[in-house]
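Shared chain: chain A. Partners: chain B in the first complex, chain C in the second.
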Partner chain A sequence: MGIASEAVDHGRVVYARAYVRLKGLLREPHWSIAEVIIPMLSISAYIYMYEVLDAPNEFLGFVIIGGAMLSFWSNVLWGMSSQFYWEKETGMLELYMIAPISRMAVLIGMAMGGIINTTIRAISIILIGTFLFPIQFVIGDLSALIIIFVLTIVALYGMGILFASLFLLYGREATHMADLMQEPIYVLSGMYYPVLSSRFFPTAIKFIATAIPLTLGIDGLRQLVILGGDFSSVIPHMIGLAVLASVLVPFSYIALRKMENISKREGRLTLRWQ
Partner chain B sequence: MYAVETNSLSRIFKAKGKPIVALKNVDLNINYGEILGLLGANGAGKTTFVKILATLLLPSEGKASVYGFDVIKQAKQIRKIINLVSGGETPGYGILTVRENLWFFSQLYGLSGNLAKERVKQLIHDMELEEYVETRMHKLSTGFKQRLNLARGFINDPKVLFLDEPTLGLDVINAKHIRKYVKDWVRGDKSRAVLLTTHYMAEAEEICDRIAIIYNGTIVACETPQTLKASMEKSTVVRIEVKNGSSLSFENVSGIIGSSIDSNSNGITKIKVVLDDESRIPALVSHLASNGCKIMSINTSEPSLEDVYIKYVGRGISTDGHSK
Partner chain C sequence: MAIANTAKVMAQGAWIGWKVESNWTDPFVFLAYMIAKPMASVLMIGLIFLIGSDAAGVMDQQFFFYAFTGAIFFIYPTTLAISLGYLMHEDRAKYEVLKQIYIAPESLKPYIFGRVIASSVNATVSVIAAFVTGTVIFSTFFGLDLGINVLEVNFPLLVGTILLGIIAFGFLGLLLCAINLVSFKLQHSLSEYTTGFLFLLSGVVFPVSVLPVVAQEVGYALPTTYFLNLVRSSLSGSGEFTFDLAYMILSTAGFAVMATILFKIAEQKARQKGMIDRKAEY
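Up next is the complex of A and B:
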């Protein structure tokens, strides 16, 4: 089979898997509404807290950007990483495994569907936040904004694919792992406050935090739409995100193949109780 | 060459305590145009065998090939020409309709737009799913879900189809429809082959060209249903109903090839005993009497496939698939 026809086949798988996600959005819109309203509650709590403390107005914008990007993290953690585990539980994973397809294409399809769904949710959060609170966004450099956003998403979903491989191998234990990761990521990525420019966080912690694509992504977006930064102000963010993406994406591919082989050897693809 | 061939195939699962031997030196071939039934109780190794052939699990030892392709080295080639349908499994995404689910699976097998559309339409017709074509999968009854699952299994027009307990939990009409479709499908093209695992004797007898009996990971017999039954010619099957027989055992009773015992709630125990010769009946009756059993009825019958299974395994299979 030629490279072109193989690419077409991969494309079909990506589209089909993304289609499932998009149909879910259209057929169960109440889920999406809930996924906008619930983050708005914690966003509102932080905004009121900053207002009570008489914090600078840009902090309100920080919270909205952080809240919108949080949707992507939730999607990566629960919609991507845990997905293979849930598909194993329902028997769908077996059907993927016996098909002559690339597992990576399945995960990319999941990611594409998830990105479209989540982008709609994130935009909704920003629009509602802008409507409810006195926040002004100023886009100084659109190209820099697009580059930062795309790099963040690529690195973040690369991380999601990597976790999906681990979840495939560790099954139920992995969901506890996801639970454990949730709060530290909230703290380190600076969902509701700045981390990289903060005097509060030691340099070592800031360095560790930059290993999370979300930290650089959120900070870069805040620089560009709230603090009036230009292209040059986010070059370090771009470099950091590009490095993370170029490490996470190939590593996730290798991990997926390795985990699949281990799972086949140890029978973990088929044993649902583990 | 065979459609499926295994040589000394073994699979051992590592478990805490001691390893579990799921398959032990299995040598089994499936001819082109053949439906081979793999008959065994739950835990006998049927599903492990299927999963190795479907490239979901690696063997611990031995060799297996499907259509000449090695299950370890040529998994990708095998995946293009096989499909697997398991009973009681989810045949897709609940949020998608019947038509969308079949289209979804057609994309996993690289079917182009028009071919996918035609194949989906044909399978919906074949499985009599027209009425439910726009129904979301999660709203289907168990029977129609399984019809959809079977349609999914044919979406890539496989050469070798693995059916793992495909009629599990289905009503008679749906089960019969599925059996007939599978039988017609394999008869329609001699390059196809089916491996059917089941614990339903009647199902195996109705559609299989040959039946392999698996017990504790080992194939103990593999013949046509007729040959298997013919092997029982000299044997006698005795069905007895007794009272006070719940703790009955036939160990140390000579001439008994195998037995199955069913106790019900009103104190009646139904016993089926396969004897090597009719002349053993008086000894059997005296064994029952000496164990305090009150015989309610006793009669002999022609050996069935279930009796063949009892002969080879020593015990029967209950309707839920467990040894009895």
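Up next is the complex of A and C:
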């Protein structure tokens, strides 16, 4: 089989898996509504908290941007990382495994569909937040904004594919592990407050936090759309995110192959309820 | 005889709840999970307070006490709503045991309350762990004082409030079970909606009076608002808790009646439509 036909096959797999995600958006619209309303509830609570504290207005925008990016993290955790576990529970995983397709293409398709869905939700959160609260966005440099966003998404979903591979080994603890990666990651990545510019975080913690693509992504986006930063103000963010993306994506590919082999050897692919 | 039977089913429910919620891993990992998640939520609230206050130039320690205690004791409604909001789906579609539980005599409601006991024990461990570590972290590293004098804490009120809260949130769980019994796709979002609305409207991290008027009225009708007020009164040793206590008792009783009636209606509808053992892969 030539490279071109192989690429076409991979493309078809990516499209097929992304299609399921997009179709789901239309078939179960209440899920999409829930994924906008539910984060808006906690976002509103944190905005009110900042208002009680009499914090500067820019903090309200920080919360909205963090809340919008939280949608991507939730999608990475529940729509990517735990996905193979759920496929296993519903008896679909073995079908993926026996089909003559690339598992990486399945995960990329999953990510593509998830990115489109989640972008719509994130934009909805920003629009509703801007409507409900006195928040002003200032987009100084659109090209920098697009670069930061794309790099964040690539690194984030690279991490998602990596987790999906690792979760292939898990039984029912998969849900708990995904659950455990919610609040602690919110704390470290500065979902609702600035981390990298804050004096309350020691340098070592800031350094660890930058290993999570969300930290650099959220901070870069806040610089560009709230604090009026220009291209040069987010160059360190771009470098950091590019490094993360270039490490996470190939590493996720290696991890997927390794974990699949281990799962096959240990007979974990068809185990349910364990 | 009937009471003994109910108690036995509740004990079995609590034991199953403990098994299901804890046996996915070894005890050390389970304990870390029980502590890390609520701890992170409390840390986040503390950090929002610190960073927001720093930017505003004012450090109101009384507000820290308000938000910190609210975030910690909100673990009770969150834990109960999440575990019970998923229970019907888990037992019906995932483990496929709901029909067996249902056909056993006098079993479903006592079983659900048994699960309430298991989740309450877990929540209590999380609350204690989050309270102790949160207090140590914020006082040691950030100089924030909760201003709690152990000698002034009204322990009987605190224990009574927690027990009353568990009953109220148990009936909230029964209500979620009723909804899930007659629906198939809400198990994930229902508990999230519930905890989200309660978090926003119950004065957890800011006073209800900050909300728009309509939202305030909803907030002042919720038992969670009075539960948190009573917890704060007991910890600060305040003597002004009579109204909150009366309202908490009244709203818990009202909530119990409403949840019981709705559960009964949902149960009948589920039987009529053959939903007790209907399996759906969502």
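Methods note: the second predicted complex is superposed on the first by the 273 of 274 C-alpha atoms of A that agree within 3 Å, B and C clash if a C-alpha of one lies under 4 Å from a C-alpha of the other, contacts with A are read in each partner's own complex, and residues count from 1 in each chain.
Rule of thumb we're sticking to: a contact is a pair of C-beta atoms (placed from the backbone, for glycine too) under 8 Å apart; a residue touches a chain by one contact, two chains touch by 3 or more.
As the structure is a prediction and not an experimental result, all values here were calculated from the model.
Superposition of the two structures on chain A leaves chain B and chain C fitting side by side, clash-free. For chain A, the partner touching the most residues, choosing from chain B and chain C, is C. In the overlay built on the shared chain, the residue A:56 is in contact with chain C alone; chain B does not reach it.
Contacts of A:27 after superposition on the shared chain: chain B is touched, whereas chain C is not. In the superposition on chain A, contact of A:207 is made with neither chain B nor chain C. Contact with chain C, but none with chain B, is seen for A:38 once the two complexes are overlaid on the shared chain. For the three-chain arrangement built by superposition, the Cα-centre angle with chain A at its corner and chain B and chain C at its ends equals 80°, in steps of 10. Once the two complexes are overlaid on the shared chain, A:182 sits against chain C while remaining clear of chain B. In the superposition on chain A, contact is made by A:173 with chain C only, not with chain B.
When the two complexes are overlaid on their common chain A, residue A:96 makes contact with chain B while staying clear of chain C.
Minimum C-alpha separation, chain B to chain C, in the superposed model: 7 Å. In the superposition on the C-alpha atoms of chain A, the part of chain A touched by chain B in one complex and by chain C in the other spans residues 28, 90. Across the complex, chain C meets chain A through its residues 24-25, 33, 36-38, 40-41, 43-45, 47-56, 58, 60, 63, 67, 94-95, 142, 185, 189, 192-193, 196-197, 199-200, 204-207, 210-211, 281.
By the touch criterion given at the top, residues 28, 30-31, 34, 37-38, 41-42, 44-46, 48-56, 59, 89-90, 171-173, 176, 179-180, 182-184, 186-187, 191-194, 198-200, 273 of chain A touch chain C in their complex. Listed in rising order, the residues of chain B touching chain A in the complex are 13-14, 47, 51, 54-58, 76, 79-80, 82-84, 86, 89-90, 92-93, 95-96, 100, 103-105, 107-110, 136, 152.
Residues of chain A that touch chain B in their complex: 8-9, 12-13, 15-16, 19-20, 23-24, 27-28, 90-92, 94-101, 264-267, 269-270.
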